[in-house]
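So that we are looking at the same thing, I have put the structure below in structure tokens.
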Amino acid sequence: MIDLLFYVLMSIGLCFVFLGCVGLLRMPDVYCRLQASTKCVTLGTGSILLAALAKTGFSAIGMKALISLVFLFLNSPTSAHALAKAADISGIKFWEKPGDEKIYPAKPRPTVDSDIE
Amino acid sequence: MNQLLVFILLFGIWKLMTWSNDLGSYIAGILSALFITLLYGKEFPYHPKHTFQIRRYIIFIKFLFVFLYQMIKANFVMAYRILSPGPPIKPGVVKISLRLKSPLGRLILANAITLAPGTFTLDITEDTLLIHWIYVGTTDPVEAEEMICGNLQSILKEVFE
Amino acid sequence: MILLFSFLTLCVAMCVYRIFRGPRAADRMVGIDILGIIMIIFCVLLSLSTGSEWYMSIAIAWAIIGFVSTLTLAKFLEGRNLND
Amino acid sequence: MKKKGMSEIVQSVAKMVFPFIVLYGISLILYGHITPGGGFAGGVILTGGFVLLVLAFGTDYAFRILPVNVAKALDSIGALGFLAVALLGFTGGAFFYNFLPKGHIFHLWSSGTIIISNIMIGLKVVAALFIAIAVISKARLIRTKDGFQYKQSGERKR
């Protein structure tokens, strides 16, 4: 039973990590790449850490896996947010499908030069 | 009171981290947790008044289940978007209103939106969240809030305020 | 176990491709961020296959350092100084 | 007046995560003789925590937690303490002689003087790297005709 849980969680995690990396290759601009890779890789890593916790039970490996699980779920969205905000400030445009109408008015972005004297 | 709770939390994490059972481990844990509490105990974002209200924990567990469901759904939606040819995406930016005041609640809401299907938080100000959406359904703020975070915000408002 | 490691090596190859190829600096930073998380998975798998708990401490340390370095890169990309 | 530091989410996360980074660094230092880690690795992790504070809030906040004068004192204490442990080995007859009693194997107190040396090395590394960060954070990026250039902008005038 425990073995079955271990294999299921591990294969789910590896599949999602692989999908996240494929998304890193296929998406057209920075923001979409960040979306695809952050979501898939975070859930995949969480699933693999849970698999380690299920395999070893209450031991040193399992507890450290639990700590790094909490740490990862707190930090990974935050670093994604920081990267996206930095890319927005540094002036990278959003990708649009050719032929679509503009959906949103672009917000005024401060350029890099204004921060530097 | 706040600092006592931080001390207990840190000592628990120390025991989980080292996972040994001799006397020296207890002494070192107590000393280092005391040191960190004296160094940084006041700044730790914690709600000491809310700690012993059981109702909030029950609502928070409900929030965790809603969030888990959203996250798994997000991954399957994203897998569909990645694997189908000529990715079916229409990225754009929408605004939704933010009514939470407590910093911990705002943090958890922003991170939950980042892991929810097709969206992530691009910027945060006093009362609005700027959200990048990979397939824009609507540009109206109220409808967008209904579609993106559902009832997450009201649940978090019950937990943290 | 060999199969899992080769699978992960494929993921690392994709990230490295993105780091080398990325048209702007932000793409490379996304690649570096994801690479850091994949290294944590490597540590967990090594820990499970050898049975020693020490690899897990490396995983936690790697998570901490990866978080701080990503924030540093983001702040550099914003064009600000360390003190701002 | 522009607001200092990064966005609000990063600040909240930094406040939550900083105590755990410090706790993990201390545990790496104290368990350096029976697990991987040791003085240098733990010191670098601790400095990572302070770098996180500097990034999220600016240097003033970080200097309120660990003032520069205290860091200078810790630097000297680390170096002198390490030397003192080494010299006290002459009580047993040799430089770096392990004169303290050794306890049970794989417990925390099982190595005599090694743990004290590790603590001293950790203090030294934290203080030195923190002072280096404090010096670097005073540099400013200036755009000139040729490109970017770093310039030191202190209050001190020559």
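We call the chains A, B, C and D, going by the order they appear; numbering starts again at 1 in every chain.
FYI, contacts are C-beta pairs under 8 Å (C-beta built on N, C-alpha and C of every residue); 3 or more make two chains touch, one makes a residue touch a chain.
Computed from a prediction, not measured in an experiment: that's the story for all the values here.
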item	value
Comparison of C-D and A-D (more C-beta pairs in contact)	C-D
Rounded Å distance between chain A and chain D, as computed from the means of their C-alpha atoms	30
Separation of chain C from chain D, taking each centre as the mean of its C-alpha atoms, in whole Å	24
Distance from the mean Cα position of chain D to that of chain B, given in whole angstrom	30
Length of the line joining the C-alpha centres of chain A and chain B, rounded to whole Å	15
Per-residue overlap in chain A, given as positions that touch at least 2 other chains	22, 34, 38, 42, 59-60, 64, 67, 71, 74-75, 78, 80-82, 85, 116
Residues of chain B engaged with two or more neighbouring chains	13, 17, 110-111, 121, 123
Per-residue overlap in chain D, given as positions that touch at least 2 other chains	6-7, 9-10, 13, 16-17, 20, 24, 140-141
Touching chain combinations (by label order)	A-B, A-C, A-D, B-D, C-D
Touching residues (chain side chain D, partner chain C) in the complex	2, 4-6, 10, 17, 21, 24, 28, 35-37, 41, 45, 48, 51-52, 54-56, 58-59, 133, 136-141
Touch list for chain B against partner chain D, complex	6, 10, 13-14, 17-18, 20, 22, 24-25, 28, 32-33, 35-36, 39-40, 43-45, 103-104, 106-107, 110-111, 121, 123-124
Sites on chain D touched by chain A in the complex	6-7, 9-10, 13, 16-17, 20, 140-143
Complex interface listing, chain B residues touching chain A	13, 16-17, 19, 71-72, 74-75, 78-79, 81-83, 87, 89-94, 110-111, 114-115, 118-123, 130, 132, 134, 136, 139
Complex contact set, residues of chain C against chain D	54, 57-58, 60-61, 64-65, 67-68, 71-72, 74-75, 79, 81-84
